[in-house]
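The following pair of complexes shares a single chain, chain A, combined with chain B in the former and chain C in the latter.
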Partner chain A sequence: MMDKETYAELVSRTAPKSKHFSTIIRAFLIGGLICCIGQAFADIFAMAFPYLQKDEIASVVTVTMIFSGAFLTGIGVYDDIGNFAGAGSIIPITGFANSIVAPSMEFKKEGIIFGVCAKMFVVAGPVIVLGILSSALIGIIYWIF
Partner chain B sequence: MEIFLTYLTVFAVGGTICIIGQILLNLTKMTPARILVSFLLAGVFLEAVGLFKYIKDFAQAGVTVPICGFGSVLVKGAVKGANENGLLGAFLGSVTAASAGLTAAIVFGFLFSILFSSKNKS
Partner chain C sequence: MEKGNQTIIFEKSPVIIGTYSIVGPMEGKGPFGTLFDHVIEKPEWDEPSFEKAECKMHRHAIIHAIEKAGLDESDIDSIISGDLLNQMITSSYSVREFDCTYLGLYSACSTIAEAMTIGSLLISGKHFKNIACVTSSHFCSAERQYRYPLELGTPRTPLSQWTVTGAGCMILSDKGIGPKITMATLGKVIDYKISDVNNMGAAMAPAAAHTIITHFKETKRMPVYYDAIVTGDLGKYGSELLLKLLKDAGLDVASRHFDCGAKIFGDDEKKYQGGSGAGCCNVMFCSYFYNKLKKREINKILFIPTGALMSKISSLQGESIPAIAQAVAIENME
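This part shows the complex of A and B:
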């Protein structure tokens, strides 16, 4: 019999090391690509709707990226991208959309309220809570000083 | 040529942010939720100290498409609100600025979870 520590040491010795490097390359490629797609949307919208302000275009791009991320999650493609790209698919805003659609789709059988609507925010909830909390605090600090 | 350089910068900066995330994933066993929150707060911090603007001028979508861009939008809104409307503005500003993204996330999130079902993993 092997005790736990010997086993852990054996695993860390035999697990492939090169995997670490290749995940980093894949995260870089897909993450960079998703950002370029966002930039392309921004450039296209700026040309198509010249009357929009710069931050309005940024909003339209965000909406488009979230739509794409949510749709690709729905048809099951984003899962494959995620398996390939790791953090390259998590960190872009499409990954935020994925973190909303994936759990709410999975828990749909628990009903609209406790399944879809509640599970939507399993990952997005902390992001929204901490984002609004910290930005409101910073706003208040600006107001004081 | 200039457009090529723009996209190269976007690709390099966006990709590098994802590399940092991947290294954290590989080395620390952080969950994706923690990764998202960490990068959001990094964006919040960079915007609060005023550095985000310069990175954004340089890298454009390379830094606004990653979740840090969302944190930056929230802070920018809160600070703008605080300057224009005082304390009320600090409360109104952040979500006002991020309203399009938040609403899109909820609307499309709900819509596509109703329309599609998860594939059975076999």
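This part shows the complex of A and C:
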């Protein structure tokens, strides 16, 4: 039998790899499209509710996008978008919504407390922890200088 | 059996008197869809959870295999069963309604070969008369245990495999008409230090090669002896690696090799390397190959299901993937 080193070299040389070029293009197009939709919402809200401040509009847009991501996950569409777009639909806030709603749906059968509530953050947990941690760190740096 | 040998020759070869296969909708759409005994329309199969649906498939396969073999439930002495879920809940929960002894096995996707071997030993040793060997897997229950929630929008890598939704059951008996299990070559746990959990084919190929080489060495048979050399779920890339490893060792099996995982979904590119799971090679054996053996289109098969023995915990702790392959020889007697 072939030894382990030769085999490891054979596998690393011959294993099928992701097609980087096409995945990057797809991620760029769909990720860009999601951002354009967000911008469109911002423009519509600015027109419809002229008394809203700029940062208030940003908040409303964020809420709308989170709802859209959650809704599309709920009706079973977002995973298909994700399969096609990869990082293009994971990185925007809609992807964050997906990463919380998907496990909530999945673990519903294990009950509200130990299923939905406990498992809700299995995917998004690291993002939240590192997000809070890095914002605290940047805050300290900002405060010193 | 000589000391140190891995091959067992059954003194009294058990007969496979009946088989039953049931699969999910995706497998039903594949090239072998019409050969399975039953195709369920939805993965939930009217049950409140995927685990319960898998149990239902498991139980359904046992009941109908017994019926197809022309036996009654009371004729079955023992059920030897396995699946992929933690603590083997599918097996144990589906067997609780049967009034017979039960052996639960775990050897990942190679469990069916282990069940066939133990069943053959029990029959060959005249301890039991009729034994049901059954395994199952379910895409949705396996996915939530090993990977991510179903609705999570993450793309799959080109090396990934799809867990087959399906259950297969075969009835071994000390008498009757049908192909016989003549030998078994037990596998060793082989770890070639592959740690990419998506690349299960590469992790399992050395184990398959090791068992196949050992089988031919100990039985002094040549690959041409068999009409088909059937591996479990190495997938397309894993099969390539197996053929390369065997060629390196001086065995050319390319013309008679068949990998159930690589073939079960046909050429569907979205399935990447093909199927996997404890049900994968079992449903293929219980339908496609058993039919061919019954019709005597083929007469001798070396059946080598392979298993990747990692868990989510071992992978997260940085461990590599140990693998195993068990070989069983099934032959039509003159």
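Throughout what follows, the second predicted complex is superposed on the first by the 120 of 145 C-alpha atoms of A that agree within 3 Å, B and C clash if a C-alpha of one lies under 4 Å from a C-alpha of the other, contacts with A are read in each partner's own complex, and residues count from 1 in each chain.
The rule is simple: contacts are C-beta pairs under 8 Å (C-beta built on N, C-alpha and C of every residue); 3 or more make two chains touch, one makes a residue touch a chain.
Predicted, not measured: the structure shown is a model, and the values here were computed from it.
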Partner chain(s) touched by A:A46 [first = chain B, second = chain C, both, neither]: neither
Touched partner set for A:Y7, first chain B, second chain C, both or neither: second
Partner chain(s) touched by A:C36 [first = chain B, second = chain C, both, neither]: first
Touching partner for A:Y78 - first (chain B), second (chain C), both, neither: second
Which of chain B and chain C A:I138 touches, first, second, both or neither: first
Superposed model, chain A: greater residue contact from chain B or chain C: B
Touching partner for A:S59 - first (chain B), second (chain C), both, neither: first
A:V123 touches, of chain B and chain C: first, second, both or neither? both
Interface residues of chain A shared between complexes with chain B and chain C: 23, 73, 76, 79, 85-86, 90, 95, 99, 101-102, 105-106, 123
Residues of chain A that touch chain B when the two form their complex: 20, 23-24, 27-36, 38-39, 42, 58-63, 65-67, 70-71, 73-76, 79, 85-88, 90-93, 95-97, 99-102, 104-106, 108, 116-117, 120, 122-124, 126-128, 130-132, 134-136, 138-140, 142-143
Interface residues, chain B side, partner chain A - complex: 6-7, 10-19, 21-26, 32-33, 35-37, 39-41, 44, 48, 60-62, 64-67, 69-71, 73-75, 77-79, 81-83, 86-87, 89-91, 93-95, 98, 100-102, 104-106, 108-119
Chain C partner contacts - residues on chain A that touch it in the complex: 1-2, 4, 7-8, 10-11, 14-19, 23, 73, 76, 78-86, 89-90, 95, 98-99, 101-103, 105-107, 109, 123
Chain A-facing residues of chain C, complex: 48-49, 144, 148-159, 192-194, 199, 202, 206, 209-210, 213, 237, 240-241, 244-245, 248-249
